[in-house]
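The structure appears below as structure tokens.
Lettered A, B, C, D, E, F, G and H in written order, each chain numbered from 1.
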Amino acid sequence: PSLEKQFEDFRVQLQESGSLRERIRAVVMEIESTTRLMYASLLLVHQSRPTPELLEKAKAQIGVLKELYNRLAEVLRECDGQYYRYHGDWRSETQTVVSLLAFMHWLETGSLLMHSEAEEKLGLNNSGFGLDIEDYLVGLCFMSNELPRYVVNQVTAGDYDCPRKVLKFLTDLHAAFRMLNLRNDFLRKKFDGMKYDLRRVEEVYYDVKIRGLTANGDPIGEQGNHGES
Amino acid sequence: GSAKRARTMTSESSMKDAFGRYAEYLNDLNDKRERVVKASRDVTINSKKVIFQVHRVGKHNREEVLEKAEKDLASVTGQYMSRLVRELQGTDFWKLRRAYTPGVQEYVEAATFCKFCKTGTLLNLDEINATLLPLSDPSFEPLQINVLDYILGLADLTGELMRLAIGRISEGELEFAEKICRFARDIYRELTLLVPHMDDSSDMKTKMDTMLQSVIKIENACFSVHVRGSEYIPLTGSIDSSSFLLDMPDNEL
Amino acid sequence: PSLEKQFEDFRVQLQESGSLRERIRAVVMEIESTTRLMYASLLLVHQSRPTPELLEKAKAQIGVLKELYNRLAEVLRECDGQYYRYHGDWRSETQTVVSLLAFMHWLETGSLLMHSEAEEKLGLNNSGFGLDIEDYLVGLCFMSNELPRYVVNQVTAGDYDCPRKVLKFLTDLHAAFRMLNLRNDFLRKKFDGMKYDLRRVEEVYYDVKIRGLTANGDPIGEQGNHGES
Amino acid sequence: PSLEKQFEDFRVQLQESGSLRERIRAVVMEIESTTRLMYASLLLVHQSRPTPELLEKAKAQIGVLKELYNRLAEVLRECDGQYYRYHGDWRSETQTVVSLLAFMHWLETGSLLMHSEAEEKLGLNNSGFGLDIEDYLVGLCFMSNELPRYVVNQVTAGDYDCPRKVLKFLTDLHAAFRMLNLRNDFLRKKFDGMKYDLRRVEEVYYDVKIRGLTANGDPIGEQGNHGES
Amino acid sequence: PSLEKQFEDFRVQLQESGSLRERIRAVVMEIESTTRLMYASLLLVHQSRPTPELLEKAKAQIGVLKELYNRLAEVLRECDGQYYRYHGDWRSETQTVVSLLAFMHWLETGSLLMHSEAEEKLGLNNSGFGLDIEDYLVGLCFMSNELPRYVVNQVTAGDYDCPRKVLKFLTDLHAAFRMLNLRNDFLRKKFDGMKYDLRRVEEVYYDVKIRGLTANGDPIGEQGNHGES
Amino acid sequence: PSLEKQFEDFRVQLQESGSLRERIRAVVMEIESTTRLMYASLLLVHQSRPTPELLEKAKAQIGVLKELYNRLAEVLRECDGQYYRYHGDWRSETQTVVSLLAFMHWLETGSLLMHSEAEEKLGLNNSGFGLDIEDYLVGLCFMSNELPRYVVNQVTAGDYDCPRKVLKFLTDLHAAFRMLNLRNDFLRKKFDGMKYDLRRVEEVYYDVKIRGLTANGDPIGEQGNHGES
Amino acid sequence: GSAKRARTMTSESSMKDAFGRYAEYLNDLNDKRERVVKASRDVTINSKKVIFQVHRVGKHNREEVLEKAEKDLASVTGQYMSRLVRELQGTDFWKLRRAYTPGVQEYVEAATFCKFCKTGTLLNLDEINATLLPLSDPSFEPLQINVLDYILGLADLTGELMRLAIGRISEGELEFAEKICRFARDIYRELTLLVPHMDDSSDMKTKMDTMLQSVIKIENACFSVHVRGSEYIPLTGSIDSSSFLLDMPDNEL
Amino acid sequence: PSLEKQFEDFRVQLQESGSLRERIRAVVMEIESTTRLMYASLLLVHQSRPTPELLEKAKAQIGVLKELYNRLAEVLRECDGQYYRYHGDWRSETQTVVSLLAFMHWLETGSLLMHSEAEEKLGLNNSGFGLDIEDYLVGLCFMSNELPRYVVNQVTAGDYDCPRKVLKFLTDLHAAFRMLNLRNDFLRKKFDGMKYDLRRVEEVYYDVKIRGLTANGDPIGEQGNHGES
């Protein structure tokens, strides 16, 4: 009898935990689909100089995300102290969210999106439901992965000052990361990849500089072709 | 009855005799396999040395380096392949193939690599096999490398060609690099049609993937030289796009 | 008796299904061998600027393929409504067929081979035997994998306008794919790989443009930008 | 425009197929949970002689299954001729269903559940939605896997006639299967396993017989006479 | 400055979390080494009928474990609400602990170690640091894996009543588990294995019973049937 | 040109080898189907005492096999010295053939089918196409695997002399095998299994002996309870 | 200037000299590794033969079979282990361990297997190492099998013990089988405590799983004999439960 | 007793070896952290022309390293002749050390750090604790990987003589490496990468040369368009 009672209790608890997971999954799928939309908008920066309109469109989704994280927090509120039990279920999507927010922030302001700013944008700074630091850092690494591509396409489109700016930003970011004593885990692996982004941006900066394509010079097309001189 | 007993005894002892023969057969086979494996390892390690020797070519030492490589290859043939041949004498070559195929493949890789560097052409299977003929005792059927091992060795060759191409470009031998590129592409294309007919095509498929990667690496290197050369034409006023990659004159450094 | 009767029926049905499979297999092996020939011909586009003759040779095989798919359709006609039962037996080969047709089509016309065009080329548009959409899409992903290599070799052969054209094409294709909400399956994985093709083509375009190498020797500025055309 | 139109069509079709899959998944999960209940009831046959009540309880679920398969058939009705496209989504559960039905049928009647009987029980014999023969056969193999355990436990419980009956049944079933010319697939592998079930039942029959524990002999101990059953 | 400040904060937090992990690791290694000693002691039950002395030796380690879990709880107390963040670091060892405790408990009492009893033995019932239910359940599965071997060796040592007792225990445990609706995860996989333990014990019981081997030499019939007691 | 010529030659050679393989495969499939028939006949020995008619039926197939191996040898004759290149294509089937021939031979004569006898039966002793010794030995192991089942069923059917005969035979065979030095390969693994066959036959032998069941005794069913006899 | 030039030349040639030495070092090392691998293979194959010889024991040929096994083992030691020892002379044994560990493990397996069959006891590492001492040239540090290789070899021993136990039961040597069972259990239990301390415990963990399976197989065999024996007591009226498993008298068959 | 004694001895020995390993690990972690500091200093050479001060700071750590290797040697001294048993524990870190020392040495002297010089700097030349030659060679490969980045950044910063110097050095180093016969191991793979470093440096050398950017010329930014100079 006691044994059956115990397993009956377990059944109830496991079912509750299972249905919680289902509800988390539903919210996370919406988050995923929202980031997909944001990403589709942001992809256009690779095809032309980023315009305010383009950013506006992506930023419109931040409110949606905030709402979704709010719902996630509510779901989690039911099971106090078990944030990290289910953390794995939204980790990867949240890292993507951070990378997009940080990229947009940099496009607008040229500076790094702080952890507290990210929390604020997602309405996470209060209560027990925060933005895990490692997720934030992984998100920054993902953002860094986009920068070489961005620089290459900007230069192709004639923006010769871009490499310098990105290089400055990435050098600082890389230096800041170097201060951290990372464990041998996922974050460490992602950070190791940042070195290659930095190197690639240096190369582009070199390409531009050795050819004298300066920011205040004329765009490639309008300057006399350097081959002519 | 005792008659039955006797029959049993006989069959028992004839069973023992028979299994004695089976045991001897298995022992001999295993011993031979073991010796073939060892001979194959020797061929492998020494063929690799030949390949390293070929990689030592530069613009100015070509003749001597390749001469030494050929000499080394000849000694692999004479010393190690011949031992393999001797071990396999009188055997069904296919039965022990798994024991010697790594060595033979590496040998094909080394021999074709040498030949390509020397003449820019592919060393044919018939040509390799001709050099093996004298190693055999005339009273046995001579060991001949089979098509499969030759093709598998050739597939590995592309990796070495890739290394060679990168190095040649560094030393400004653009035409040679382009020749390597064409050669590697040709081999890749020809092998494409052979893959499905290989006896065991699964490992060949992996090798084809690696090969394609090697070909792409060569092409990327050629591309890189080309776009740089095109940029330099207006700068140097010369149409000889390769001149800028000539070896640095000694006095400049 | 009833049991034996039943298993006797099963034996007959399984044998029929088995022999059907054998016949499918025979046709599929011919398709495979035809695509291999086409592929070997098309490999030559990497060695020089593609000439009409080269394409002609590969196109000659399309008729063969059409004939083979016709035979396949006939075989399948016998077992109504079981297309998807045997679908796995010709999937992978059909994806390769699509990738080759789409590549050839692009070489000739510079535009994407539509699904209906692919069906038409293979004589599949009628009746119950069509070209599965996912197979078509996977085929496009395979084609995309060939493009970086193609661009590199065309530039080496002196065609400096090629990267711009390919980039335009691939950017559009990639954007179109992004609209699809793909499940986490084989197609999704193949599509994820397309990003790397795009990135590589962008790099090649950058390499050409940063050096001012234009198709006809004119300065870049006077040509259309790929975003515009 | 045409390209976008095409991909828009694809998007719609893929979404429809995706939602179809979701609906199938929902039904299949219910089927799975119903078989779990049935299995839990049937498990009790290993602990005592099967009583009619025990079977009654399990049989009560057959109606539920029929209802669920009816719903599945309705879902599938929407996409004519694509039965086998989604077949993989309910295969494994259906094989379990067959194994349970066939086991129950044998317990009741001592004979094999025919394919048509299985279809009837599940309400599948009409329309385009039938019971795949290979699924039926795999289900029989699963049932066979339960028999050695059943025999062992019945003998332990004093039913010495059980091995003979099961051996007869399994020998016939095995012989019937042997008539089929199976491909080298999942079914073949499962059938190969049946040999071990047969061998084990032979062993138990041997154990009983060599010890003279016959059906109409005396019970091992003083427990109720097995000769009555 | 702000960026550096932020990363300086991160450095501190990551270091704290890292040193916490180091401390957890140290305790866990001691737990592991203690369970290994217990396991080595318990292995002796396979060599003869288990004596109280043998159990005494293993039980002596329970105090050590309790002390270690106490230390673990103290370490965790510092980071409130992050139990599940580090849970993975002691999971597997705790499952082993449960399996050993439950095996010993069964040897002594013949009944299942309850979750609350396990917590009590390890001093975990208070505060925020409890025994995760899934870990407890996995531990029970591990214990089940030991039972077939135990039964075999006990019979060899002449204890013919052991199979009956173990079969009763395992049948009940298996039935209790079946009530749980397990996700498709590690626990589910481990539970699926329990079926084979049960089957093996049934076989051993059969081997003993078919030969009329009873604990006190009486015929089987006079003993209780495992289904009854 | 020379390069293409060589590869063209290769293609022809490999294609020839491929078609050879197809022809081998056709013969091997017939061999397989013949052994299936033989096996089906021989299976009946498990259901009753082996009668000469039963053996006759199986032996009738030996001629078919001989004919098939003759065809195989002819096919192989075309490619001199490449026996072992294609060996893998008929290995497994030949091992089964040996196991059946050896079983039948033993049923008839009570002695082991020698390697040379097996070759003779299959018409292989001449020319370059022989029976590989390892295949022969593996075949013997397969035969050994059937013997415990045979003995069990014979005793059940009342043939009490069978265990003694099989035990004698298997003991000798096992002793003979022990003379071999094997590698860690398939044959070794199969030989390892023979130990268990031997042990099982021995057990049956003692079961019969201890109960005084003699060769000319009555069938088990007609005996009294074993406790009484 | 030319002074600078000269310096460059010197450093260049000194670099060449240094790399010449490195090349020689690497060549020697690889050659030695290759020879050690070959010697190790020989040890393996011949140790396996010893193990097969031991498995030939029966009730009536025990002495002669084991005597031959010991002689064979001695010749493995004298012929093949000694070559391994010679090849390794003057090397850091740990550096090439991966090249010879398979052979040494198999040798440990064979030696301990022999000893157990002969005496029922475990051959200690010290005892094995003592037999290796005379093989070394006294001017070098002698090769001694290290603890890890000994333990890994011992782990494999259990598999052979299992085979032996099944065979012994077949021939009615129940007590011997029980002795094997106890011995295998003891080894398993002792190794349980060593696993976490092994240098690389991952492959040891796999071996432990295999070992446990072997032990369980032995236990199952003993179980089976036991329950059968118990059944026979009332049938035979004898309390000697092993008598029914005695070898069949010759005249009965 | 003897058996237990032996294993008890083993346990002690292995535990000692384990604690030795712990002590090695402690030293190696310090080495790792020291190289991290050195690397952080040296990274600045990528951001500006290397100044003596910058090198001074990095060189200050060499003493620390020497001290640490001294401690490592002391630890190892306890277990005579087991250098290579534990070698894997410090291999990777030592390769990094060599790469840093060699880079610094080259920055200072323009020549290659010899093996004996490296040993001397680390105080390793004496006794049994030396610098493994393969580790030294891998370290050189790592250093080579840094050179392309260094050259690119130096040119960007206006040092136009740098490519010539690096090219000369790397050409010689590569030539020297070609004297070695390598196995298919880690070193071989690293050496394969050196070819790409060499090619990249060469490209930069010609970029500078073709544009007539001389060592004592103005930095790029300040010079007019390169076409003019």
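Observations, loosely collected:
In this section, a contact is a pair of C-beta atoms (placed from the backbone, for glycine too) under 8 Å apart; a residue touches a chain by one contact, two chains touch by 3 or more.
This is a predicted model, so every value here is computed, not measured.
By the residue-number overlap criterion, the interface of chain D with chain F counts as different, with under half of its numbers used by both chains. Seen from the C-alpha centroid of chain A, the farthest chain centroid is that of F. Of the two interfaces, G-H and B-C, the higher number of touching C-beta pairs belongs to G-H. Separating the centre of chain A from that of chain C, both taken as means of CA atoms, is a distance of 34 Å. Chain B and chain G have Cα centroids lying 37 Å from one another. A separation of 50 Å divides the Cα centre of chain C from that of chain F. Residues of chain F found to touch two or more other chains are 179-183, 207, 211, 226. Touching two or more other chains at once are residues 30, 193, 224, 228, 231, 235 of chain B. Those residues of chain E whose C-beta lies close enough to touch chain G in the complex are 32-33, 36-37, 39-40, 43-44, 46-47, 149, 152-153, 155-156, 160, 204, 207-208, 211-213. Taken in their complex, chain B has these residues touching chain C: 182, 185, 188-189, 192-193, 196, 216, 219-220, 222-224, 226-228, 230-231.
For chain B in complex with chain G, the touching residues are 30, 34, 37-38, 41-42, 45. By the touch rule above, chain C contacts chain D in their complex via residues 2-4, 6-8, 10-11, 13-15, 18, 21, 80-85, 87, 112, 114-115, 128, 133, 137, 172-173, 176-177, 179-183.
On the chain G side of its complex with chain F, the touching residues are 48-49, 52, 55-56, 58, 163, 166-167, 169-170, 221, 224, 228, 232, 234-236, 244-245, 248, 252-253.
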